[in-house]
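Just dropping this structure here.
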Amino acid sequence: DSQLTLLAGPCAIESYDTCAQVAEKLKEITNRLHINYVFKSSFDKANRSSSESNRGSGLEAGLTILEKIKKDFDLPIVTDVHESYQCEPVSQVADVLQIPAFLSRQTDLLLAAAKTGKVVNIKKGQFMAPEDIKSATEKISPITSKILVTERGTTFGYHRLVVDMTGLITMREAGFPVIFDATHAVQIPSAYGGHSGGLRDYVFPLMRAALSVGVDGIFAEVHPNPPKAISDADNQLYLSKIEAILETANQIFQENLASKEARAADGLL
Amino acid sequence: DSQLTLLAGPCAIESYDTCAQVAEKLKEITNRLHINYVFKSSFDKANRSSSESNRGSGLEAGLTILEKIKKDFDLPIVTDVHESYQCEPVSQVADVLQIPAFLSRQTDLLLAAAKTGKVVNIKKGQFMAPEDIKSATEKISPITSKILVTERGTTFGYHRLVVDMTGLITMREAGFPVIFDATHAVQIPSAYGGHSGGLRDYVFPLMRAALSVGVDGIFAEVHPNPPKAISDADNQLYLSKIEAILETANQIFQENLASKEARAADGLL
Amino acid sequence: DSQLTLLAGPCAIESYDTCAQVAEKLKEITNRLHINYVFKSSFDKANRSSSESNRGSGLEAGLTILEKIKKDFDLPIVTDVHESYQCEPVSQVADVLQIPAFLSRQTDLLLAAAKTGKVVNIKKGQFMAPEDIKSATEKISPITSKILVTERGTTFGYHRLVVDMTGLITMREAGFPVIFDATHAVQIPSAYGGHSGGLRDYVFPLMRAALSVGVDGIFAEVHPNPPKAISDADNQLYLSKIEAILETANQIFQENLASKEARAADGLL
Amino acid sequence: DSQLTLLAGPCAIESYDTCAQVAEKLKEITNRLHINYVFKSSFDKANRSSSESNRGSGLEAGLTILEKIKKDFDLPIVTDVHESYQCEPVSQVADVLQIPAFLSRQTDLLLAAAKTGKVVNIKKGQFMAPEDIKSATEKISPITSKILVTERGTTFGYHRLVVDMTGLITMREAGFPVIFDATHAVQIPSAYGGHSGGLRDYVFPLMRAALSVGVDGIFAEVHPNPPKAISDADNQLYLSKIEAILETANQIFQENLASKEARAADGLL
């Protein structure tokens, strides 16, 4: 497509106000830049490192907030599902059901999500090779063609992920749009024992790299005040800095799009 | 404890007969060797690489077979759970509920398993550092003290796992018995695209290594005819060879136990 | 600097003619694009996987050819050194002495190269973290300030390298220009037992990614007929396709340079 | 062979006295246990992380000390070589020339070592797959059959090595005795920026594991006072604790040897 897609918002649904603040600003920026924007936030951080960690709003309260955001800002919504039974109620509000990376091989969850008729965004497991995403998409492609696949980094030793940029090309071969999750890719799993750290400074460079390789969309967690966020405090982007980031991101996306035809003509990827 | 624990059986519940054949032989061998034996088989291969793969008996039919094995051979049972709702019915039959490695961070599943009062065996995720297993046990240790932790290998590049034997020592620091899953540790994830391969020849050497380092138990998939098994055909052990393997395994376990006190006296691990 | 640097040429010095063909074309293209070009070729493939492999021209014959290229095309020269005694004679011809990645921790070689007064290009070992390159540069920075550091990928499981794009940022902190070696980064070490394979299709995407993150130069092996090359046949770039690649590369370099100031003003990397 | 081989001694040749203290005690213990002992110490730590680090005695002074140890204690000697020119003088004293892991692909060094007629111990590079050691041995097997291959861990993310115990089996297929380097396997490369750390507590467990899998020998650095050692202070073993360690190691070696035949008869590795 000729428009960049952006899946973005605060990591967890902390309150309507936090969500609204992010939604409003991102809607305004993406409208101006002609970016295809989907509001993202999670009702449950179901796989926190530790049970001390705040898990967020919960399903019911979370969906109520997401529904209000959807209506108040006229935005499509993406949110995570964790067990099969959640897919149906979540699909009443969400336009995109997201399969968390750890769960990318859970057949029942994938099928339940696919059966809702909504778009399914499968995050590639940290334990998967890029070509393995195809086995995941093939589980649901007989049911739905509305599939996205997302890269968020691969296990690299202990407490570290690495993004293999060549994997973005391999993932494309599954036949569906490829999203790069720039904020989770810089997570440091269980950096602090009980919870994960992150390298926020690397989010924007990795985003530029992925866009130069060529992806269809960007996933990013954005918060008005990341250090106060209940999750992913070390890697969410500051809402105040997101405009400059998206301007550059969109420019790289457009230039890459433009040079793609020339590259194809030259037999270059 | 002074007795080796063994969690073993066919990977998937293919039929009562296959299960019975394995249960009978393993019961006889472990009785003779004074090994603490728990029969293992799975009613659902819920995270197969591909949806082409056979997923096994299903919950209801599987539990019926497990119940019959339990009664006919007077054996405790261990089996996997994949979503929270399964824990209660599974606990009607199983003595040990096993949390699959990919799901080792799913808080709801861990809690549902813990609440049954049965033993919970948490497999360490392929994406986790050994010290991270503590965050998993701490999620349920306020509810139950009946916890096992299992090592089954760590993501090492693409399509390969590696067993870090030092991790067995680190995992012990969580305060619960450590099991080494010798047959999954040699899996080659998605080796054949649609399904995983394995290196059966390495199962027994890795088992010996883990027992020399010091573990409380061994997990192994055992099948009368592995090449015909519906899952893990490349890494299940042959039932016909299991006696020799268990004799050596038990001998290493006992010798390690004996030398442990001497090592402690010398200030050596 | 405001000009992209390019270290490029055939992997091994196969003949004067091959070298001249590449040098002539690359000189012409880089002149037009205002790229700072250094001719690269190796007189000895000293660390071939197997001794069956052709090691190239040898020191004396190789230097004779390099000297002729230098003179005939008025180009600076970069070539590898493998043992300390080679540094002095090589420095009679080469303008840049390159320390191979496997040898990046050999203090004697680093010192001998530094003492020649020529530029030293240290390739980061496949076994090194990005921050470790600083220990290498600090070994010679008391002697010389003419240092380049080059990323060529990190060991990632068996028979695979991965490029961690965030490492390019960390390497910059050592205080010297950062080069991205795009053709070695796609090597598959010992893919074929006796010799290494490569993923040529990924060279250009990785180059684009590294330039978007921000590097000072690109290293690439270029050959008139890669499949016939005596080494790195699977990853050298075709001379016939290099112009289109360099045009895009230079464009990304220039755009990244332009947006760098804006990013700095916004407190973004 | 029916005897365990031990390559051991202080990491660096710090002084005759340190060497003699270790040599005397290890000779006495290994005599009693019928272990085949080779004294190890290095005249040059040629690949220190940083040039601040003490590199040891140097070639000439180091060989003088090694020669005296050899004569005074009637022991064979193993020491590292780093550049080709060192092989001939070192072979005047040493019985085993050791190729450091980083240098395991340097053809000239391998050939120079082989040509001395002494035993060549090739350490497997941290960047090599186990099957790749065969390419290294094949470089010199036309010249000499006196070859040992040594495992010392594989790069695993940043600042960490992992020992893949299955690799010990694969390495055996090259056709030469396999040694397990237990003290370098626990190094934490560049843990402290300028120098490497280590996990001494894991040396003995890893040694037990490797012996249970089956190796021909053990390599270990042993020092009277490791915290005061000029190198590898965090991973050298205490001389005062070595006796208990070697007793257990030898016992596992002998038992593994005994069960090997039974395993072979059962078609088990």
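Per-chain residue numbering starts at 1, and chain names A, B, C and D are given in the order in which the chains are listed.
What we mean here is this: a contact is a pair of C-beta atoms (placed from the backbone, for glycine too) under 8 Å apart; a residue touches a chain by one contact, two chains touch by 3 or more.
Note that this is a predicted model, so its numbers are computed, not measured.
Listing every chain that touches chain A and chain B alike gives C, D. When the CA atoms of chain A are superposed on chain D, the rotation angle comes to 180 degrees (nearest 5). Two chain pairs, B-C and B-D, are weighed by contacting C-beta pairs, with B-D ahead. Comparing mean CA positions across the assembly, the chain most remote from chain C is B. For the touching copies chain C and chain D, the fraction of interface residue numbers used by both exceeds half; the interface is of the same-residue type.
Note on chain placement: the centre of chain B and the centre of chain C lie 48 Å apart, centres being C-alpha means.
Between the CA-based centres of chain C and chain D the separation comes to 33 Å, rounded to the whole angstrom.
Centre-to-centre spacing of chain B and chain D amounts to 35 Å, using the average Cα coordinate of each chain.
Residues of chain B in contact with at least two other chains: 154, 156, 158-159.
Considering their complex, residues 46-51, 55, 82-85, 102-103, 105-108, 125-132, 134-135, 138-139, 154-155, 158-159, 189-190, 193-194 of chain A touch chain B. Against chain B, the residues of chain D that register as touching in their complex are 154, 156, 162-166, 168-169, 186, 199, 201-202, 204-206, 208-214, 241, 244-245, 248, 251-252, 255-256, 259, 262-263, 266-269. Interface residues of chain D, counted against chain A in their complex, comprise 156-160.
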